[in-house]
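You will see subunit A twice below: alongside subunit B first, and alongside subunit C after that.
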Partner chain A sequence: MEQPVSTGAKDGQAPLPIGNLVFKLVTNLFLLLLLVLLGGVLGAMVFYVRWDEFVASILDPESLFALKLTAICVTASTALCLVVGIPVAYALSRQQVPLGIVVDTIIDLPLVLPQLIAGIALLMFFQTSLGVWIETHIMGFVYRTPGIVLAIFFPTVSLAVRSMKAAFDGVDRRYEQVARTLGCTETQAFWKVSLPLARTGLVAGTVLTWAYSLGAFGSILMFAGATRYKTTVVPIAIFLNMTTGKITAGLSLTIVLLALAVISLFAFKRLGGRATIA
Partner chain B sequence: MSRRKICTMLVVFAVVGLTLAGCGRRQAEPSATTAPARQGTAAALRVWIPCGLAGYMEAFSKALTGDGNSVFDVEYEIVNVWGLVEQLASADPKPDFIIMPGDLELKELDAKGQLSEKPVAWAYNQIAVLTPKANPAKLESFTDLAKATKVILSPPSTSTGYYAEQALKKAGLLEKVKKHLIVPETPAEMYRQLADGEAQAALAYAGCAFPAPTYEKGATSVKASNLPAQAPEDNKQRSVIVLGPVPEEYSTPFPACMAIPKDAPHPEWARQALANLLSDEAQADIALWMPKPARETELAKKRVGLHMYCGAGLRPPIEKLAKAFEEKHRNVRLNVSYAGSGCLLAQLTFAKRGDLYMPGEAFYLDQAKKRGFLVEEAQIAYFVPVILVAKGNPKGVKGLEDLLRPDVKVGIGEPEACAVGRVTKIILQRAGLWEKIEKRQQIRRALNVPELAYWVSLGSVDAAVVWQAQAKQFADKCDAVPVPSKYYDPVDISIGLLKFSKNPDMAQRFIQFVSSPEGKAVFREAGYALEPTGK
Partner chain C sequence: MIRICGLHKRLGDFAVRGVSLTIAEKEYFVLLGPTGAGKTVLLECVAGLHPVDSGEVLINGQRATFLPPERRNLSYVPQDYVLFPHLSVFENIAFGLRLRRWRGADIERRVHEVAKMLGIDHLLARHPATLSGGEQQRTALARALVTGPTALLLDEPLSALDENTRVQIAAELRSLPEKFGTTVVHVCHSFEEALRVADRVAVIHQGKLVQIGTPDDIFMRPNCRFIAEFMRVKNILPVFSLETGESVARCSLDSSLTLDLPLKPLPDLPALLTVRPENVILEREPSSRVNSFRATVAEVSPLGSSVEIRVTTAGGVGIAALITRQVDKQLSLRPGEEVWVSLPQDALHLLPDRDLPEE
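Right after this comes the complex of A and B.
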């Protein structure tokens, strides 16, 4: 207060209003800059396509097929992530897993693996005796439609586990302990207490997984291939359109993908806000 | 350990498969060539064939003799379809067998009581649009015939003439075309007029695009042995090209028939030949070079799935061909997976499955070959480099020299990364411009062709050397300026049969189909060259 011109807070001294203002201004400026940048880049893409062209491209049977296939595969993969993710997340959150940090790291690995390599890894796996056995006795995956689900599942399951573990971490263990003292078995405590309390967090995690799955590309391209009317989920259809000069068709599908992502991310944020209550 | 076992088993399977496939071919080849070679022996089935089918004589020999398993050989006489009735009446001795590309001629013979039994369809045929190689009227489809000023039709008494007229009538083109109609005296005359450019188009069979035998004035037929050696796929010396079949909405396929004349010297052989031509193998083979086989074959009942790895840039022609192939072989599901050629190579290397590989660059096929993945390969078409500029050519780029102009922003493919880059470098080196271009500041380097095309279409560069095929795909936003062919070597595109294939026979059929005149016509339409351009 004695030195109104100073720009920063010195140790022990109270922060100066003008310094606060500048700091606030700078951070907000960067925020604005990023927003303009993102808005400009995405907007340029969105406004490149005329409305009538957009409608025509989306109503094209190939685009409709891609949208339908994507909805099915992404949902199936997300369901699979849920089935696997909930027990794994619970185990990681509640128990002392031996070599916990190693297990945790292994589960995170697919997140950093380039998707193309994830696809190659899946191809390699299906060349091993176990993989061959699965293909002959259970179902075929390589270059087939079920392969898409697997190609989405593999790189996204880590994300599902991560977000669901956060949901379980948010539930105070004491509620479970109280339930146990009131006579619940561990299974009952999970079903009656932990799961309901973590519900919003789990739903948020599911939505995030679903949104993230929409963009899966490299692993699908490698493992399921880009075959028309067979494995052309939206990102693959975009790729095929782009390589053969159908810019409008590619961009139109991209816009739909963006819209879906916006809706689901929005939902995630809303749910995520409530997820911390427990 | 068990993984190693699986690997060994795979290798063994591949080797066995390879050997079997290889043996099959080795047996097939001699029989196709020996049949005509043994011509003239006493034990020959004398077959009348029109010039429009003469290009397929080898295939017919194989089919008629049941792949060389019959007691007789085949001897051909090329007949003029336009006067078949008179020819048969005066023929002595009579032929054993007549094969026609249509049905009306044989029905007429049957009505006159000149056949031993009713004619039988051996396939279904379709009228096609033929043009001189240069395509002077720049026709693109059947309906474009309205633009042509000299069109050839066969006489209306023939199947060709009749069905062609019906198609024109249905398309409402008959009156227009009739104004400048040419009706030649013989089919050979028609071929000559097309080849010499005297006519701009003809409605005939696809087979009529092959060089026909020369008829002596007044002669009605010519001995097959007088024919120059010719292979149906030999497109290099072709002077007449097939633009494509008349769309089915104007002309549905009609039966192509065969018959045994009354008083045929060898009726039992003829009946055997007829049965042979309808056998599963023969019908499956016929399906490859005729619009439709006569019947669904046994081969057609076995469901077959083929997986093809295809360079993403080749999608337009391959998509069309895959669809046409599936229509011909209803039992086949041809799954074409598109991606970058290198990406595909990685896929097939690791997945060790799939049937066909067609990368956009020969380099990758060579890599696959080096790794021992290829059983055979076939050369299909060539890339044609062009300079891509924005629609209307706003910067007025007329040739390679303009790439040096300071006001022209240039994009080039990275020579190390993609074929178009390598070729661009050669072109500019030969034009003596490479060093100057390299020194230019305003130059953007792309890793693949679509990238270059996008830059031009979005206006971030003014000119880039790309393939004509991409120029066609971006035709609504870009124009192409030709590159003189003396500056580059032909850049070829090939398709390979993979050793992993579980259905090598069917995969091979697709290769044959893509290499056929029909298949190559699709590539030409998509902007590829069928003959090596460049020096």
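Right after this comes the complex of A and C.
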């Protein structure tokens, strides 16, 4: 029988067939290429700006306004995602939802749609009689600061629901069953058992949602506009700076966003977060 | 007392089909059956974790079929205990008491009392992840027993333990009805485990109740071929003829082998005769015992602490005997040698030749 061609193996180790070795090398080569590509592209941007220029740009009142507004709006939107996302995620994780695939598709839709469309959809909603009533009697959203929160929330809530559902999926439902036989109602089992056990996953999901919210652009541009010192969150500020030739100011803010994204993703992974579209 | 009447439940691949049984107060009751028999589904229906398709569950005479689990006063301990990992042993045990709004001092006293009874009072500050299997089992029992439930529902409570701990915990489980005044319903797939702990056993197969009785009933007097095989009765012999005499019943296994049995109602033919291999007596010399006959040794298989000897009668009936190492040493039997076989009357049992009892 023909023997497979093999590399010289050390004592006690099975020889690695050459085909396997080549396959491993090729896949790792692609991994390396992608890392170099991503690192190179992002690095080029970082190294384009000098440190003193970077500090000056960030301390510019317009940049500081953008950073402050972003922090407020992204945090408010993330809080809203939590309030809506936790009950929705729990329901999807624990219940047989009727027309499950339809519900899943609707919930996932904002994730796959261009953010621009989310902005247009919001704009159109506020042209309806219900939207106009909300604008008149509750709060003004269109081209205003609260509109930024809504424009971030709309495309982001799907991701929040998905990552939080993954957190609840990771909690064995028998914990709840045992809690029920020990005297818990369904609500008590949720508060006393499921929520504490899903806590790490929920925190990871919140961090991911917050990080993803930082990048919201199209929906904000469409729904809240790009008015300086009014709706200029960081992505909008970057856009305005780049289109008016203020390259250093735009890149400085980009570096800040990049750093925040890296920190958030790192935290998400350290917390063992899982976000899947399933 | 728990009464289950005509309970039906389908859950994925598992199903319970028309099970009816009654479990007495402070009884240690075992639901026994092979994997996939539906016994866990039955237990979880009693606990209220699944709505039943039809049938009734009564707890202490009250209809509980549609009561949520928290209103049944039954405590459930799953196979791998499912201790709350975010709570200490103390808080795990106190969980049910806090829900019932006990005062702090009373919780403290009761948790210590139950923990002491189960020998885990030194573990109260620890977290479940740091406990051994036996300690986790005792903690789960303490958590379940602390509120004084009507019944304790145990799903395969010994399967995750090593052999030594299993024997020890089995003895502790057996004492629970007396110690805590509670009924215990225990699901398992091992008949040795069932025999060790049960007052009564119900054997479930393919979602149906096949036989119910004392461990001795199930072990010695199976009501169908399935139970006999499940109880590892190796000698399940087809009966050739059956007749009733004046003081004994006579049963023939072939034209040359007739055995005397105690006079009892006899099943109709076709029937099977069962005798456990450990009840078969082998001797080198002819014996004056009843039901004694000559056979030839066909196979000798050492099985650790015992030895299985397979013999064949003149008419070709194969019988397995299980003897101790000591007896094997004395007899020192080899294949092809002749041996005298005796089947004691009280070890013989007749049953209808059916895989499962008639509906």
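Methods note: the second predicted complex is superposed on the first by the 257 of 278 C-alpha atoms of A that agree within 3 Å, B and C clash if a C-alpha of one lies under 4 Å from a C-alpha of the other, contacts with A are read in each partner's own complex, and residues count from 1 in each chain.
Here is the rule we go by: contacts are C-beta pairs under 8 Å (C-beta built on N, C-alpha and C of every residue); 3 or more make two chains touch, one makes a residue touch a chain.
None of these values were measured; they are calculated from a predicted model.
**Student:** Superposed on subunit A, are subunit B and subunit C clashing or fitting side by side?
**Tutor:** Subunit B/subunit C on subunit A - fit side by side.
**Student:** Looking at A:F126 after the superposition, I want to know if it touches subunit B, subunit C, both of them or none. Which is it: first, second, both, neither?
**Tutor:** Touch status of A:F126: first partner only.
**Student:** Now for A:R174: first (subunit B), second (subunit C), both, or neither, which partner does it touch?
**Tutor:** It touches subunit C, and subunit B stays clear.
**Student:** In the superposed arrangement, does A:L202 touch subunit B (first), subunit C (second), both or neither?
**Tutor:** neither
**Student:** Just checking: does A:T244 make contact with subunit B only, subunit C only, both, or neither of them? Give me first, second, both or neither.
**Tutor:** First partner only.
**Student:** Quick one: is A:L182 in contact with subunit B, with subunit C, with both, or with neither? Answer first, second, both or neither.
**Tutor:** After superposition on chain A, A:L182 lies in contact with subunit C alone.
**Student:** Of the partners subunit B and subunit C, which touch A:V193 in the superposed model: first, second, both, neither?
**Tutor:** second
**Student:** Report the closest approach of subunit B and subunit C over their C-alpha atoms in the superposed model, as a whole number of Å.
**Tutor:** Minimum over all C-alpha pairs: 45 Å.
**Student:** Would you tell me which residues of subunit C are touching subunit A in their complex?
**Tutor:** 44, 47-49, 68-70, 72, 74-78, 82, 84-86, 95-96, 99-100, 143-144, 147, 153
**Student:** Tell me, which parts of subunit A touch subunit C in their complex?
**Tutor:** 172, 174-175, 177-185, 188, 192-193, 196-197
**Student:** For subunit A, which residues count as touching subunit B in their complex?
**Tutor:** 116, 120, 123-124, 126-129, 132, 142-143, 221-222, 225-228, 230-231, 239-240, 242-247
**Student:** Please give the residue numbers of subunit B that touch subunit A in the complex, ascending.
**Tutor:** The touching residues are 2-3, 5-6, 307, 312-313, 315-316, 319, 335-339, 343, 346-347, 350-354, 450, 453-454, 457, 470, 473-474, 477.
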